[in-house]
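Both complexes shown next keep chain A, but they swap its partner, so chain B is in the first and chain C is in the second.
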Partner chain A sequence: MLSMNFDIAFPSLVAGRLALAYLNLPDTLQHDHQLSTPLTSYPRLQEGLYLFHNGVDPYSGGLFRHSPLLLSLFSTVLPLNRHTAALLWTASDALAAWALVQIWRARQQLTAKTPRDSLIAAAYLLNPYILLPTLARSTATFENALLLLAVMFACRGKAAATLLTLAVATHLSLTSALYLLPLVLLLLTTPVSHLASPRPYPYALQDIVKRAGPFMVEYTVYMLVLAGAATLASGGWGWVGKTWGAVLTLPDLTPNVGLWWYFFTEMFDHFRPFFLMVFSIHLAIYPLPLSIKFQHDPLYALYALTGVLATFKPYPSLADAGLFVSMAALFPETYAHMRTPFPTALVHLHCSLLLPLFHHLWLGAGTGNANFYYASTLVWGVAMGLGVADAVWAGLVAGIKGAAKKGDAAGACAWDGWEVAQE
Partner chain B sequence: MPPRILRNILAKLKGRGDKNLTRIQRRRALADLAWRTYPRLQLLLFAIGYAWLLTIPSTLHGQRTYIDENALQPGQVNTYWNWADVHRADRYLEQLESMRDRNASSHETATFISNEFRKLGIPASTQDYAFSTTSGTVSGTNAYAVLSSPRASGTEAMVISASRLSLTGEGDGTLNLRGIATVLSLAAYLKGYSLWAKDLVFVVSDGYLDGMQAWISSYHGVTQGNLVAEPLQLSSGVIWTALNIDYPGHSFSHLGVFFEGLNGRLPNQDLINSFQVISRFTGGVPVLVYDHFDQSEFPDRVPDFVPKWLPQGMRRNEATQEYAYRAQNVMRHIGYQARGRASGVHGLLHQFRIDAITLFAVPAQGPHGFHAIGRVVESTLRTLNNLLERLHASFFFYLLVGPATFMKIGAFLPAPVLVGTAMLVGGMGAWAAARWARQGRAQGQAEKREEGRDVPAARWIERPRPVAPALSVIVYTHALGIALFCLCTWPGILAGGNIVATLLFASVALAAGGGSLLARAPAGSTQAPSWMILKSFNLCLASTVISVTSVLNFSLAATLAVFMGLPLSLSAPSRSAAARLTKFTLYALLALGWLLFVPGEAAQALRNWEVLRVWFAPFVCIVYTPLVLQAGVVCLLSP
Partner chain C sequence: MIETLPLSLLLLLVCSICSAKESFSERLVLSPNLDGTVTASFAFTTLLEGARPRDPAALAEEDDSQHYTLFPLALGQILRDNAITELHLTLNAGKWDYQNWGYPEEEGVGTGAELWAWMGEGAVQTADERWKNLRNALAGLFCASIGSLDEQRTTSPALTFQPEGDLPLSSTTHALRHGTLPSERVCTENLTPFLKLLPCKARSGIATLLNPHRLFDADWHGMGVHVRYLEGAGIEVRLAFQAVLNPVRYSGDKKRDWSMTSLFDRSIERSCPVASSSEIAVRVPPAGGAITEPAPLARHAGFAVYDVKHVDKPIDVGMRWPEETQFEYSLDAPQSALMIRRRLSGSDQYKGQLSVVLTNKAPHEVKTSYLETMPWLLQFYLHSLRVVCDGIPRDDLVSIVSYTPPVPHARPSLLQAVLTLPANSTVQLTMDVVKPFLRYTEHPPDAQRGWDLPPAVFVPLGANATGAARLRRVYTPVLLVDLATPDFSMPYNVIIMSCTLIALVFGGVFNLLTRKFVVVALAPAAPADT
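And now, the complex of A and B:
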């Protein structure tokens, strides 16, 4: 089964996904709070398009929070209906899965196809955390695809393409800007796995600054161009506060799987700005230490960062977690060093059942309340935290054991005799 | 400096040598402890879990009920329902009885009732409906009337309903004529008061459950594939609360409260408590849970539900009687809730977030009649009229063990969760056991004897644990469950009698047994045996199902804990083929026995799914049966 030919497996997986998208599932899933957030919800996108068509500025209300680029795309080139939506969302996932396979090949420096290609495509296309948000037509699907494309371009050393794709991804979701640092570091080196043989980053700090500087400028230019295009398309600056601003000020407290909404529901108003700042800065802290610790393998730093952001970002959905889970397929060398894969999987099993259940008890049956759902999002946070901690642990331990195997560290101990104490 | 004792303890905990070394040693010791003690821990958790289930009816648990919502103020009003209204109810009853005697059609009766509402000056209408199910078509006509609130905009409403058939024997054909007469007479009476802050909607639904299902679905604009219902002519606001009146007998001695809704949803306890207080103090009618008589009312009589085989002394013991009484209530509750059944017409309203109960006038020679039930309903409606927001303050998760005694969720939920945890421990233990194999025991012992020094008696070797075979068995059995469910919804399969049921049983069991081929390990493989991995996954899945269900439907979780807890933990292959087959057959009987032993139950569950969307039938076919069949497959695999 695992050695299935990629040329057969990939099209059949995509065809299966397309068939699913044509069932009645999307209409029931699109309102689900786990699968899409106010920033990615399909009904809100339709509402914005409707307002736009009828000459009302969609950004004058509080409902529409999608990028003007999506607005102009769907109101001109590509009218949004049942069929185009099914095709477009499935195509986006297919593209993302293909990019993931390309990243795998670049990391392994493969030119020929391998049996694992199909498995990696399946890990993306059959991952329920990816599948369900796509069926719900959440625009997070596009964000994931764009990020994976950017990573793929970075693996191939194509700077302009990487930065442009990341700029588009950032434009759709401001949080993606945090991926810039590991992506640039990846651009400057190779995607080949150095987890087992850690080494200092091949360039000194001044060199990095010197080489990355033009990239930063280029990225800023792309961002400015996109912002200008968005302003022209939507006819004003109103979109900035409604889309990017929402990420920083959390105006819409519709429940989601993340940790922000409940906290800010309970918050007294005069503490709000302070804690918004704390929560946002907390997110911005991660790229640097992860990039320093995994300087030998920036792709792994980026992978760990996807997990961190999926846990802590302001409007997360299952799609963000899905990206982290599916990307795990790229790093088989870490599996042996994971400490708690089975319990993590069990916590994920529990909370993926508890989330919809408590959501139903609170908002459907009316027998529960917000605390029920909040409790299940905390369990979800634990599940994600376990996964991220285990990924970071396994990535670092792979380095220590790899060094021991090579005989670098004293050489006295045999490879299986190694154990690491956690500080 | 801390005192020496403290320092000694700390030193013992932290160790004296290298900090990291101690940490590793401590972690190893803990892992070792967990590994050595997990079977005992599992047994302990099972013992506590099952023992807890048994103590649920005991007086160890339970507390008095109380009113939580201050706005309710039950029993604080004067009631004005009087003999003139009773007389009016008697006249309605006469007309209804004459219609019954001349076998009037259901459409004729509904038209009569809606005409009577109109004569009172209340807008009224009828609704025709028809359900098509695998066992035939059910059709009828509902009558309803909407009395607009004189004091408010009509954004909220209360429902007073009576079904044509009483809940006696789950709608066995007993007519609820006095219930309908009460509703009609109440409509006439309540119209005379200007204090209503919510619309009053009077519904006389046809049949037992089907009429109300058609009416409430149409009211909320919900369509259902197999239901053809006339759209409602009149509408009102959001329905918050509803009282369903069930009065089948000539007179009554007690009012019983029925509260379980579809899919195990319960109404807010404040509703039951308010009714209980009002009935007792305004109406002077004692309240029962269901129609179970409280033995404290009859101190001289040994109640029927105390087992006959108990010694006389124990049968007369008060504690035994109390336990038996509570157990009877709990078992009845589990019977309704676990199967997702509504215990009366009120239960259909729960799916739309309406808190509703049925007041059941327990048939007796006396002393109560229309006078008492009218006052109780009037006062209860006045109480509900006070609500400023939906009922939310009191409990939604509770066990009502007596009319005024209940258990909070914390007192009963741990029982199934502990059983689930025991299974989880077993599953994780099996996962760890699959990884490690002992090798060279004999060799090790020989060495020990020869050299006379401490050589480890056995060497643990690590085995790879392929998950794909076990996962494919799991996917296969659940797919089989879906196929089984689709087969059951074919007309005539469940009604086909013993032969069809036996054939279905045999084919599904055979197909499940065939699933063991998916996990057959190649001969001489050094991998972990696939039965261990399958057992681990099976236990973890079943444990998750039990724990997660427990917050939705306690009774179902408790039933699953009994049927799956210990049996699934005991699955293991045997050396002899006969023993393996016997074990598999036992598991197949546990998984699919319902096909053979309770075909009526199965047909009823399926009908409930088709008409009322009760997910018990698909749950059993798609979740329960496959999980137990997986344990059967575990027994079939090579040890």
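And now, the complex of A and C:
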């Protein structure tokens, strides 16, 4: 496998993916609550397109919550049917995997192909958390592909492309806006790994503001242009409340793997706005501290942020977790410093069995109640939390050990009698 | 002179109100059905001659004082206060069996409560505000939960619910508000206020027969209040009660013979003195063998007619089949020209399939309108709508006239379509549906029971849609949807457990990000070993 040529491995992986998409699997998976959420579900996209074609404003109802960009794409350029869907979703995954490989090459400063490229692509294309949502035709596949493309452009220093891609990704899923800070920092620095050699940010704070400011403005302009285009395409501002508003107010309480749905099902009515605010602000807290702590390696900050958002975003699906897991392939230098990789993997295995099982017991067989599924989403939250905390720990410890190695006394000796701890 | 002018005007006004003529008439139709039951349809009609619905634009001004002698004041006040032009309220229990009982005298037979009103627009208060006032006022008047027919159940299906009377031409546009509450149960507490609206209460006339002990024991029973404006005549209030009574069940010898005493446990002893007409019509089955007692005053168009206006001895109308020793239920069920079945399939609590099967026995093509006013408790995937006619896909048989998608926690969906049924065919409509997830406060106390969904309403448009006779509505039975429930004892636990997990992850990450890393020696005694 390691020695497999990327030119053979990549097309064959994509071909295998395409073959799977042509089986009857997608029709059974498309209703699955783990794989797609009300914001990314394929039947809801079809419903929206149907209403749009028949002259009913799809945003006047509560079923369709996809971006108007998808609506205009599928209603004009690309008619959505079984074949185009299979091709498009596979192509999107292939693009994302290719972008991931490009990010890897940029980070390792490789110009030639390496055997490891195939492994990186396989880490994305064979990841069940990515594969299954794609087969279920969840539009989260596009969100992942767009984010990886944005990161790839940022690694190459292409500011306009990065910001435009991120703006499109934000349009599809509002929480993607939180990636702006690490992405801009990545644009200003280099994707090359500095985990083992932490250094302060090469610019002063005023300098950062002066350099990042225009990028922020550019991003805002893109967002405004896209919002204007979306308004023109959908014929009104109704989409704002139905797509972005849903992220903030959680009107649809369909179960998913996240923590929000049951919390707000069980929430007392008079506390609902308060907790909605707390949960939303909680998400917005992470980008800044992560970007400060990993200022030597903004790509790593972004990686940690994908894990945080996959755990805590309002409508997460397995696809979000899949992005975090697959991106781990970019950072082999942290593997040695992980504290609990094996338990984390076991908890993931545990809940990947538990989630569909308890979902069926509650909503299918009727022999379990809502607490069964809620409990398994809590276990899922633990699994994701363990992964995120471990990633942050490994990234920081790599820096401590790397600095010590370069420095004097302790670096010379082996790490046998020494351990890294926190004060 | 200046002082006397307003006085004379006032006098004139009072006189004009006094002179508003009112007339009251009552009628009972008794018709024996094929399955041995008897349908009793009571209609008490009061006409306020020359009256017009209140102009909504004048709602801000003080209303004229209302003086009625026969017209129910409590209802009149509600109508005036909200400037209602036409109003229909029905409270029914049971499933109307169109196959055996035929088409009902009162066409509103949907299970539960149904309220619809036409009202003029252009008032200070919007139609929706007045609709809300109307609901609450009627809920108070009839002791029913009509108040909960809120925005989540209100639609405006103008295609199916056309006004039965006239709309005043001078007024501005009229708006329709319609709502159904299929889980509403009708009982004695609704009948008592209903009887109070009658000029003779239940003490004399045909209303004597409204004995709650028997009516609420019937196979089907329902009451209705219908207000309409007739151009040139006035405002008409029709209080209706309809029941399907089962003499075979009551009688000890399994015979279907019936009389008023056996059905209602009462007979009419006095006539209502203020009634201008008061008659009982008994439909005589064409099959023969039935004897109607006592001998009717007149017979016309298959009906034996009795006049209750001049009663000198108690009237007890009945019907006997002297040749029958026992009633035999017909084994081959009679089939009407159009049969409709509607059901919800799928055992999952998050998705399912709605299917409507229509059988057209007629030798000609039939067009029918199809109305769904579905609360957001069941949401349609309209893109999955498929029509199969005798096993062949025929999506062209359905044309959607209008569709309003539902909004969770706020608004129901409204689907109006027209179906074409080829001659002698069975047409099946299927559509995937989504069952949403509710907040725990939105569930009723008996959450596991499921939710009643309103009936679909069909209006067969007829072979020749010249519209001479008014089109009649056909209601399907209600559906029950089983929605997923959360654990109602869990709010605190969920808040505690979810917040704990969030705090753990947040704390873990911020601990790593903020606290300083140090390198510590694990074994200080290690050098001693060497």
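As a working rule, the second predicted complex is superposed on the first by the 410 of 423 C-alpha atoms of A that agree within 3 Å, B and C clash if a C-alpha of one lies under 4 Å from a C-alpha of the other, contacts with A are read in each partner's own complex, and residues count from 1 in each chain.
Throughout what follows, a contact is a pair of C-beta atoms (placed from the backbone, for glycine too) under 8 Å apart; a residue touches a chain by one contact, two chains touch by 3 or more.
Computed from a prediction, not measured in an experiment: that's the story for all the values here.
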item	value
Partner chain(s) touched by A:L354 [first = chain B, second = chain C, both, neither]	first
Partner chain(s) touched by A:A154 [first = chain B, second = chain C, both, neither]	neither
Partner chain(s) touched by A:A301 [first = chain B, second = chain C, both, neither]	neither
Touched partner set for A:L346, first chain B, second chain C, both or neither	first
Contacts of A:L181 with chain B and chain C, given as first, second, both or neither	neither
First, second, both or neither for A:G366, with chain B first and chain C second	both
A:G385 touches, of chain B and chain C: first, second, both or neither?	second
Winner by number of chain A residues touched, once chain B and chain C are compared	C
Chain B and chain C footprints on chain A, overlapping residues	364, 366, 369, 419, 421-422
For the chain A and chain C complex, residues of the former touching the latter	31, 33, 43, 46-47, 49-51, 54, 56, 58, 60-64, 251-255, 259, 261-269, 282, 285-286, 289-290, 292-293, 304, 308, 311-312, 362-364, 366, 369-371, 374, 378, 381-382, 384-385, 388-389, 392-393, 396-397, 400, 404, 410, 417-423
Residue numbers on chain C that touch chain A, as the complex places them	347-351, 376, 379, 381-384, 400, 403-410, 413, 432, 434, 436-441, 484-487, 490-491, 494-495, 497-498, 501-502, 504-506, 508-523, 526
Residues of chain B that touch chain A when the two form their complex	19-21, 23-24, 27, 265-266, 350, 353, 390, 392, 396-397, 424, 428, 431, 468, 540-541, 544, 547-548, 551-552
Complex contacts: residues of chain A adjacent to chain B	1-2, 342-343, 346, 349-350, 353-354, 357-358, 361, 364-369, 372, 419, 421-422
